[in-house]
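A, B and C are the chain letters, set down in written order, and residue numbers restart from 1 in every chain.
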Amino acid sequence: MSARSWPASRPRRLGLFLLLLFLLSLVVSYRAAEVRPFQLFFGEGRDNLLVFVRGMFPPDFSPDFLRFILRPTLETIQISVMGTALAILIGFPLSLLAASNLTFRGVLHEAETGRHPWSRALRAVPYFLARAILNFFRAVPEFVWALLFVRAVGLGPLPGVLAIGVGYGGILGKIYAEIFEGVDPRPIEAFQSTGASRPSIFLYGFLPQAFPNLLSYSLYRWECAIRAAAILGFVGAGGIGQQIELSLRMFNHQEVVTLILVLLLLISGVEQLSAFLRRQIA
Amino acid sequence: MASTIPQRSRPAVLAWAMPGFLLALFIWSYLGVGGNLGELFGPEGRAGMADYVKRLYPPNLEGEFLLEVGKAALETLSISFMGTFIAALLGGALVFLASSNLMFSGILFEREGGWGLARGFRMALFGLSRAILSILRSIPEIVLAMIFIFAVGLGPFPGVLALGLHTGGVLGKLFSEVVEDIDSRPLESLQATGASRLKILLYGVLPQVLPQFLSYTLYRWEVNIRTAAILGIVGAGGIGLKLHIAVSLFLEDQLLTLIAVLFAMVTAVDYLSHAVRKRLI
Amino acid sequence: MFLLQGVDKKFRRGEVALHGVDLSIGPGERVAFIGPSGAGKTTLFRILNFSLRPSQGKVFFEGSLVDGIGGRRLRRLRRKIGTIYQHHNLVPRLRVVHNVLAGRLGAWSTPRALLSLVRPAEVDLAYSALLQVGIPQKLFARTDELSGGQQQRVAIARVLLQDPACILADEPVSSVDPSLAKRIVRLLIDLSSKQAKTLAMNLHNVDLALAHFPRVIGLKDGQILFDKEPQSITPEDLKALFPTPTEGAGILSTEQAYLERPFVARI
C-alpha cells in the first residue's frame, strides 16, 4: 500500500491561467488607472473631501431655488418620455428585420425555401444587417451619443432625446426581436394556412402574443431612460443634469445635495409608476 | 336574429386609463421637448446631419494618434477593471452585514429569542449597511466622479473611485439578494456540528454564493466599461476625455476612430464576460 | 382534388417523416387517416395544406402541379384548404371573434384586417359560424377563458368562415372527452357533406374512423400501409398498424403530455 492511496486532485490548468491573467490585469490596471489611495485618505485629498462634505450642509431648500429647478426636473421627465418614444420608433421596425422567424426561418418560410437556392440566403441579408445596426447603436453609450448630438444639433433637450432614442433604440430592437422569436408558432401556421398575407399574419398572430411583453419591456426601459436623461445634461443635453453640473462647477455644494435629492425622488417616482403600470399589464 | 348577437362588453375604465395616461404623457413631453424633432428631419436638418456625417470621414488613422488612442483605451479598460474590482471588494465586505439571514433571522438565530443587546447591535449594523449601500447606489457615477475630481484632481483615479463606490452599492444589493436566497439546510447541519459562525460562513455560505457573486461582478463590468468611457468626458481620463476633446475642438476626423475603438472594446468585454458567465452557471 | 406521387419528407435533422407516399383524394370525398403517433400523419397534412414543401415527389392540386410557387399564388391555393389543428392553434389573448374572423384573413386586405382588430368587421358571419358550432354566446369572450372543447369549436368556426373547398382536420378530438369527440366528428361530417366539401381527418381513435368514414387509410413509419373501405379492414391490418395492444392507449398519453407541456419561450 502506497503512502497516498486517495485519488489525486486534478490540477485545474484553466483556473490557474485565469487567476494569473486576473492578477496581471490587476497590476496593469492599478498602474494605468493611476490609483493612489494615499492621495484620497491623507493630505490635500482628504481636506478637499472634508470641505465638500461640510459645504453640503445645510441643503438649499429655499423656495426660489426649488422653483428654479422645477423646470429642469420636468424637462428631464419629458426627455425620458420622448427618448423612449423615439427608441420605440427606431427599434420596432429594425426588430421586424432582426427576428429570424419573420425574415427567413421557421414556419412562414418552410414552403418557400428551396425555390431558389439563394433565396433563403438573400433573405438573411437584411436580418444580419439589422442585427449589426442594433449592435452598433447599443454598444456606443448613450452619453457618447449625446456628446455627438449636442455638436450636431446644438445645446438643449433635443440632443438628449436623440441620444436616448438611438442608444435605447438599439436595446429595444434587440429585445423586441427576441420577443417575436419567442411567440408560439402554431397560431402562425394556422393563419398562414387560411391564405393570409404576411402583414395580416403579423397583426393577428405575432402582435397579440407579443404585445404584453413589448409594452412591459418598453416601460422598463423608460425607467432606465429617466436615469440617463438625468445625467445627459452634463454634456449640455438639457434636464436636471445640466443644473447639477453647473452647481458642482460653481462649488454650490448645498445646491448639489438638493438636486441629488430631487433626482432620487424623480427616479424612484418613475420606478414606482412604471412598476404599477407593468403590474396592470400582467 | 341580429338582436341576439351578444353585445361587446364595455371596456373597463382601467383598460382605457392606461393608454390615455401614456398618450397624455407623450403629448405633454412632445410639447415640451419634441417641438423641433420634426425640423431635424426636414430638408435643412437633414442637410446639416448629412454634412456632419460627411465630415466624420475619412477617419484619422495616423500612427501617432492611434498610439494615443490605444493608451486611452487601455486607461478606460483599467478604470473599469479597477473600479469593478474595488466595487466587488466593497460590496463583498458589506454584503454579509446587509443580509438578514446572517445577522438576525433564519436558522442560525432560531434559538435566540428576545431583544438582547447583541441582537439589537447586529440589527443596527444591518440597517446601517443597507442604508450605505442604498445611498451609494443612488448617486450617479458621473456626480461621484466630479466630487472626486474636486478632491484628488483630474485623471483616471477619480473615475476609479466613482465606479467603485456606485457599483459597490449596486453589487452589495445584488449580493445580499443572493445570500438571502441560499439553501439554509447546509447551514443547519454545519451548526449542528458545533461550528462557529465564521466557519459556517466559510463552509456553508461562501461556496453557495461565490459563483453568483462572480457572475454579477462580470455583468457589472460590462456596464462599467461603458460608464468608464463616459466618465472621461468630465475629466476622469481615458477614451472619454479624447472624445470630449475631439468634439469640442471640431477634430471630426478623430471621432470615427475613437467610436470604432470604443465599439470594439465594449463588444470584446461583452463577449469575454458572456463566455465566462456561461461557464459559471 | 389532391394527387400525391412518391412524396418524401425529410427534416433537416435527418429524420424521415414520409417515404414514397402515393395518394389521391377526389372532390367531396371523406377520408380518415389512422396510425400510431410519429407515423407522419401531421406531416402529410402540413404538405397537403402547403405549409411544408416535400423533399421529393409531386403534389397536384385540382389537376395542376404545385411547385416553385410562392407569394400571392401560394396564398390563393392555401385559401381553398382549411385546416383544423390538434392544438387549436388559436391566439389565447385575442377575443373569440378575432380568432374566428381570422378565417377571412386570406380574403381581406391588410388595412381591412388592421381595422377589424379595432372594430370587428363581418361580426354577423362570425356569429352565425359560432351558432353552427353551438357556442354563440362566446362571441366576445377572451379565447383563453374557454375550455378545450370550446376552443376546438372556435377553430372549426374559423374554418367555416374561411369557406374552403377542402377541410383538413388533424386530430381534432384528441383533447376532448369521448362523447364530445363523437359530436365534433359528426359536426364536421355534417358541415362538409352539406356543402360538398372534401374532408380529410387524422384520428387516433380507430372506432370513430371506422364508424364514420367510407375510406380509411393506415399510415405507419411514413408509409401507407392500407387504403380501404372500413368493412374490408381486418384485425390483421390493425395489428400491423398497432403492433402492441397498449399502443393505442400510449398514443393518447403521449399526446396528452405534449398538450400539457409547459409553454416556455416567454420572456
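Everything below uses one rule, namely that contacts are C-beta pairs under 8 Å (C-beta built on N, C-alpha and C of every residue); 3 or more make two chains touch, one makes a residue touch a chain.
None of these values were measured; they are calculated from a predicted model.
Student: Counting C-beta pairs in contact, which two chains come out on top?
Tutor: Highest contact count among chain pairs: A-B.
Student: Could you work out which chain's C-alpha centre is the most distant one from the centre of chain B?
Tutor: C
Student: Where the CA atoms of chain A average out and where those of chain C average out, how many Å apart are those spots?
Tutor: 45
Student: What is the distance in Å between the mean C-alpha positions of chain A and chain B?
Tutor: A distance of 10 Å separates the two centres.
Student: Suppose each chain is reduced to the average of its Cα coordinates; what separation in Å results between chain B and chain C?
Tutor: About 51 Å separates the centre of chain B from that of chain C.
Student: Which positions in chain B are in touch with at least two other chains?
Tutor: There are none in chain B.
Student: Touching residues of chain C toward chain B in the complex: what are they?
Tutor: 123-124, 127, 136-137, 139-140
Student: Residue numbers of chain B touching chain C in their complex, please.
Tutor: Residue list for chain B touching chain C: 2, 4-9.
Student: Using the touch rule from the top, collect the residues of chain A that touch chain C in their complex.
Tutor: Going through chain A, the ones touching chain C are 107, 110-115, 175, 178-179, 182-184, 186-187, 189-197, 199-201, 203-205, 208-209, 211-213, 217.
Student: Which chain B residues qualify as touching chain A in the complex?
Tutor: Contacts found on chain B: 14, 18, 22, 25-26, 28-30, 32-34, 36-37, 40, 45, 48-49, 52, 74-75, 77-79, 81-82, 85, 138-140, 142-143, 146-148, 150-152, 155-157, 159-161, 226-227, 229-230, 233-234, 237, 240, 243-244, 247, 255, 259, 262-263, 266-267, 270.
Student: Over in the complex, which chain C residues touch chain A? Could you list them?
Tutor: So the residues of chain C touching chain A come out as 46, 49-53, 68, 70, 74-83, 85, 87, 89-91, 93-94, 98, 102-108, 110, 113-114, 117, 155, 158, 162, 263, 265-267.
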